[in-house]
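I've put the structures underneath this note.
Shared between the two complexes below is subunit A, which has subunit B as its partner in the first and subunit C in the second.
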Partner chain A sequence: MLDLTYPAPKPKVIAGAKHDWELVIGLEVHAQVATKAKLFSGASTRFGAEPNSNVAFVDAGMPGMLPVINEGCVAQAVRTGLGLKAQIHLTSAFDRKNYFYPDLPQGYQISQLYHPIVGEGEVLVEMGDGTARVVRIERIHLEQDAGKSIHDMDPHMSFVDLNRTGVALMEIVSRPDIRGPEEAAAYVAKLRLIMLYLGTCDGNMQNGNLRADVNVSVCRPGAYERYQETGDFSHLGTRCEIKNMNSLRFIQAAIEHEARRQIAILEDGGSVVQETRLYDPDKGETRSMRSKEEAHDYRYFPDPDLLPLEIEQAWVDDIAAHLPELPDAKKARFLGDYGLSDYDASVLTADLDAAHYFEAVVAEAGDGKLAANWVINELFGRLKKEDHAIADSPVSPAQLGGIIRLIKAGDISGKIAKDLFEIVYTEGGDPARIVEARGLKQVTDTGAIEAAVDEIIAANPAQVEKAKANPKLAGWFVGQVMKATGGKANPAVVNQLVSAKLGL
Partner chain B sequence: MSIDIDTARKVAKLARIAVPESDLPKLADNLSGILNFMEQLNEVDVEGVEPMTSVTPMRLKRRADVVTDGDQQAKVLSNAPDAREGFFAVPKVVE
Partner chain C sequence: MSELSRLTIAEARDRLAAREITAVELTEACLAQIEAADALGAFVHKTPEIALERARAADARIAAGEAKPMTGIPVGIKDLFCTKGVPSQAASRILEGFRPEYESTVSQQLADAGAVMLGKLNMDEFAMGSSNETSVYGNAVNPWRRGNDETALTPGGSSGGSASAVAADLCLAATGTDTGGSIRQPAAFTGIVGLKPTYGRCSRWGIVAFASSLDQAGPMTKTVRDAAIMGAAMMGHDPKDSTSADLAVPDFEAMLTGDIRGKVIGIPKEYRMDGMPSEIEALWQQGAEMLRDAGAELRDISLPHTKYALPAYYVIAPAEASSNLARYDGVRFGHRAKLAQGDGITEMYEKTRAEGFGPEVQRRVMIGTYVLSAGFYDAYYNRARKVRALIKKDFDDVFAAGVDAILTPATPSAAFGLGEMAEADPVQMYLNDVFTVTVNLAGLPGISVPAGLDAQGLPLGLQLIGRPWDEGDLLNTAYALEQAAGFVAKPARWW
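Coming up: the complex of A and B.
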């Protein structure tokens, strides 16, 4: 199998009023674990239920209730770790992170500060321009989500829904390896894709099932390289953390804005204060969350209700043995086995449904490049017009494969194939039968084409004289023949015959 | 280790317990007493001893990923001082 290797992208440089600046970015991605039940209770994780209906007494923090871990959540975390080529820790443990907020009825979040279940891994983040960044993962830990507070239903009260309380999250922590807003968005998109392939998170950012806290600092060019050589963070600037963003576009905009804010402070002779900030997409700016600062004394301690989580190597091996093919491997295979371009392979593997569809077409038609062309250019274009997902495509892979087979066999021309595609898209049916029934077959019978050529030459003596003087005008005859045969004549045969008959 | 009045005030605040200023010296004194008592444990040499997490050699209990609980909105809300339209209603939290 091909190994995907790309040069690293250049770090983004922002020109300040005085000099150039670079960015250093690390992310904490919170991914909701795809399971039926919560991390420590048997309540459902279903989104959009009646408020407070997916709540067990454990989730509501009722006295005397004890947490019992959901093995499915543990398996999903291990699966995600393996997908990120990370170390799996056979022993991990849970800690309490203490703080008060109305949507956290226990008064603490159960998390894994000291002994996370997953250790160091890495993600290849392709930038689409032939470059890619390898972003190192520091750790993944399991923790509980909080509930949801609604502040706009009443002028004096906040409303609390505990349905999300206790749902399992994976917090995926990266190293500060990301060097620009686009890289940060591409990193989150790649993590999301890997988890979609693994089936460990549904990736729905709009519902908040995947959200990110972003740490941003700025430094002068060269400082980052000194940090890399020495591992000494003092070469880097003071960072700010922008909390809880659930859109790739917001992540990019927030980083861009935050970097410029920090640069302005530094060039003004000030210093950046390490703090938590919130991005306001309406105003396009970040602001300080001072209210949270004060509460930042979490008094972590091991949760006395939970023994350490011990898992067996054989269990991990079994999960590893059943991992699906992941995006990088699939892309490498598409490049190697089907000879696709990097762009086509990226597009087709960026969506699992598209990848499956493409492979089903290839199985039918046996030509990877042609199949990729048709899926990406014709099918995607057509689906987009009507805002359809590939899963709802009216053209099945077997039908598209059938069209491609007809092209390869020389039965239809490229132009007719597009018409045929449109017929199959709107009316359905078997492509080969449609071609037969509607007489769309390409004419390769030289006799029939010859007759058409003769007829046109005989009817246009003036044009013949002109073409003999200027051979470029032969194209006019080819066009006339194609017209006369309803586009069904094989263009190569027509060209050849026209040249021969005109004596060019 | 002794707890001063400022620390006692901070601990009370973090625990959301209202302690009148006049009670803080006594509280600080009590907390210091507790910590000093516990500190006797520091005399024990635990060099090379793994921290014990349980007195019985038990494996952490697990549950299967099956929905077995929930659908009890009324019960969940029954102790709430105020609940409206299925939500807990609490004094406005401003972010």
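Coming up: the complex of A and C.
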């Protein structure tokens, strides 16, 4: 298998009023674990249920209730860790993060501060221009989600929905390796893709099942390299954390804005205050949520209701042995086995359904490059017109494979193939039968074509003279023959016969 | 009839089995005693309807030949246990009106075994206290008095109501919980037996949490045999409690042979405290001699980190409590303060918790919050955890060297007068736990056995500490001590 190696992208440079600046970005991505039950209770995690209908006594913080770990969530975290080539910690532990809020019924969130289940890993983030950033993962820990406070239902009261309370989240923490807004968005997109492949998070950002806190600082060119050499963070600028963003577009816009805000402060001779900020997508700006001084003292301590979480290497090995092929491996295989271009391989692996579809077409048609062309150019284009997802494609891989097989056998021309595709798309049916039934089959019978060529040469003596003088004009005869045969003549055969008859 | 409530569990079981009495008669006898004992303040919620219903069911079960050892036995349940549909408020105002939709595992196991719940028992608020004086219901009173002196004495705490009820024969036995001595100290103050099992033996599910790594339920009974019977019914693995041990519970009663020949009893020198009453010193000595006379070998041992136990305990327990009690915020259940116009969520929290928690609970929540706060965590909480590990190691070493059980006094004094400590530094009250907290910190089983009376006629107890998970052996040693001590005194009835 090919190893995917790319040069690193250049860091984004923002020109300030006085000089150039670079960005340093690290992300904490919160991914809801795809499981049926919550992290420490048997309550359902189904989205969109009636408020407060998916709530166990322990989720509501009732007296005397105790958490019991859901093994399925642990397996998903391990799976995610393995997918990010990360270290799996056989012993981890849960801590309580204490703060008061009505949607946090226990008065603490159970998290893993001191001993996370997953340690260091890495993610290859391709930028689509032949460069890619390797972003290091610092850790992944399991924690409980909070509920939802609803302030706009009543002028005097707030309401609380505990359905989400206690749902398992994975917090995936990156190192400050990301150097621009586009990289940040691409990083989140890649994490999302990997988790979709793994089946560990449904990646639904709109529902808040995947959201990110972004740490942004700015520095002068060269400073980041000094940080890299020394590991000394003091070479970097003071960071601000932008909380809770659930769109790739917002992530980019917020980083861009936040960097410019910091640059303006610094160039004015001021200093950036470390704080937590919120992004307002309507105004396109970030605003202060709380400063470092106002930061909560969470009083983390080991949760005495839970023993350390011990897992066995054999169990981890078993999960590892059953991991699906991941995006990088799939892409490398598409490049190596099918000879696809980097672009085509990226497009086809960026969506697991597309990759599966593509491979099913190849299995049918036996030609990777041709299959990639047809899937990306014809199928995707056609689906996009009607805003269909690939899963809803009216053309099955077997049908598209059938069309490609007909092209390869020389039974139909490329042009006819496109017409055939449209017929299959709108009307359905077996491509080979349609070709038979509608007489779309390409004419390769030399006799029939020869007759047509002779007829046209005989009818157009003036054109024959011109073509003999200028062989480029032979194309006119080819066109006429194709027209006469309803496009079904094999163009190669026509070319050859026209040249021969004209004595070119 | 009134004599029936004086029975032990074992006696009642045998008489029920012999059809000499019925569970309904036994229950009615207890209910009558309870009605006449309001002065003791032991029962804070009475459940006669539930009791009689369960008694009738028990009689049917006995008639059908399906009785278990606890079938038909009337017991009281500490208010810390959540009991379905019955007020369960941990003796706190903040849980005013709270009737859980669920039953704690321990009380459910007792019910499943056929035990009859008579009602809920008084305690210190959230089990924080050693005198039952922090209860929102007002204190329970010790049925024992100093001779003819009418001064009301504490039954101890936090399981003061349980101790008072058992000692006064209002019920045959009661559940207690023990975080730093809350079963053993009140048992000692009232002349009954109190067993704190190994941490993890009894499920904590459905018991209002005080300090999760220390809390453990256990039986409070009239005899060691009863502790064996009731303890076995309370213990067992519960998948709903992650700290519950998946170990079989042996037939403890069958292990009560009284034969302790060859057993090694450790006498820890660190438990000889300055200023300890000579009577307690003497009782300890006598207890050791009794065990030696029964064939055990006495061995002087050292548990060098004992002196750090109390400070470590008063860091760890409040730290956990400060977090465990965060859920009492007035949002979902229990007390919510009346709010003024314009008050927001912060005012709701502050007013609710200020009104709902008594001063001792507030003190511990504040201590706990402080020791966990940034900048103090390492100096207090982390250091206390290290001390805890050393204390556990002290015990591990001693047991590894062949000691079977450790004998200590249960308390540094006999029961004191209610209100006597009101003006004292809270630390004076905390000193009550000095002999018992080590056992919680190390997660070991401990039992308090009544061993004699002081000069004023008040009961004194001795504590035996056993190897983890070996309650059977510990109970047998306690049984031998009980036989030798021959404690049969009962408080003179004044209520």
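Quick note on the criterion: the second predicted complex is superposed on the first by the 500 of 504 C-alpha atoms of A that agree within 3 Å, B and C clash if a C-alpha of one lies under 4 Å from a C-alpha of the other, contacts with A are read in each partner's own complex, and residues count from 1 in each chain.
Going forward, a contact is a pair of C-beta atoms (placed from the backbone, for glycine too) under 8 Å apart; a residue touches a chain by one contact, two chains touch by 3 or more.
Being a predicted model, the structure only gives us computed values, none of them experimental.
Contact with neither subunit B nor subunit C is seen for A:H30 once the two complexes are overlaid on the shared chain. In the overlay built on the shared chain, the residue A:H151 is in contact with subunit B alone; subunit C does not reach it. Within the superposed three-chain model, A:V160 lies in touch with subunit B and with subunit C [touch as defined at top]. When the shared chain is aligned, subunit B and subunit C each come close enough to touch A:R299.
In the superposition on chain A, A:Y108 contacts subunit C only, with no contact to subunit B.
With both structures placed on the common chain, the touch criterion links A:S41 to subunit B but leaves subunit C unconnected.
Shared-chain residue A:L307: touches subunit B and subunit C both. Once the two complexes are overlaid on the shared chain, A:R277 sits clear of subunit B and of subunit C alike.
The wider contact with subunit A, measured as residues touched, comes from B rather than the other of subunit B and subunit C. With both structures placed on the common chain, the touch criterion links A:I69 to subunit B and to subunit C. Touched by subunit B in one complex and by subunit C in the other are residues 57, 60, 68-69, 98, 100, 102, 158, 160, 297, 299, 306-307 of subunit A.
Taken in their complex, subunit B has these residues touching subunit A: 10, 14, 16, 53-54, 58-73, 76-77, 82, 84-95. Subunit A contributes residues 35-37, 41-44, 50-57, 60, 68-74, 93, 98, 100-102, 149-151, 153-162, 278, 289, 291, 295, 297, 299, 302, 306-310 to its touches with subunit B in the complex. Looking at the complex, you find that subunit A touches subunit C at residues 57, 60-69, 96, 98, 100, 102, 105-108, 158, 160, 297, 299-301, 304-307. Residues of subunit C touching subunit A in their complex: 81-82, 88, 90, 95, 98, 100-102, 104, 204-209, 211-213, 239-243, 319-320, 322-323, 325-327, 329, 331-333, 345, 349, 369, 372-374, 377, 381.
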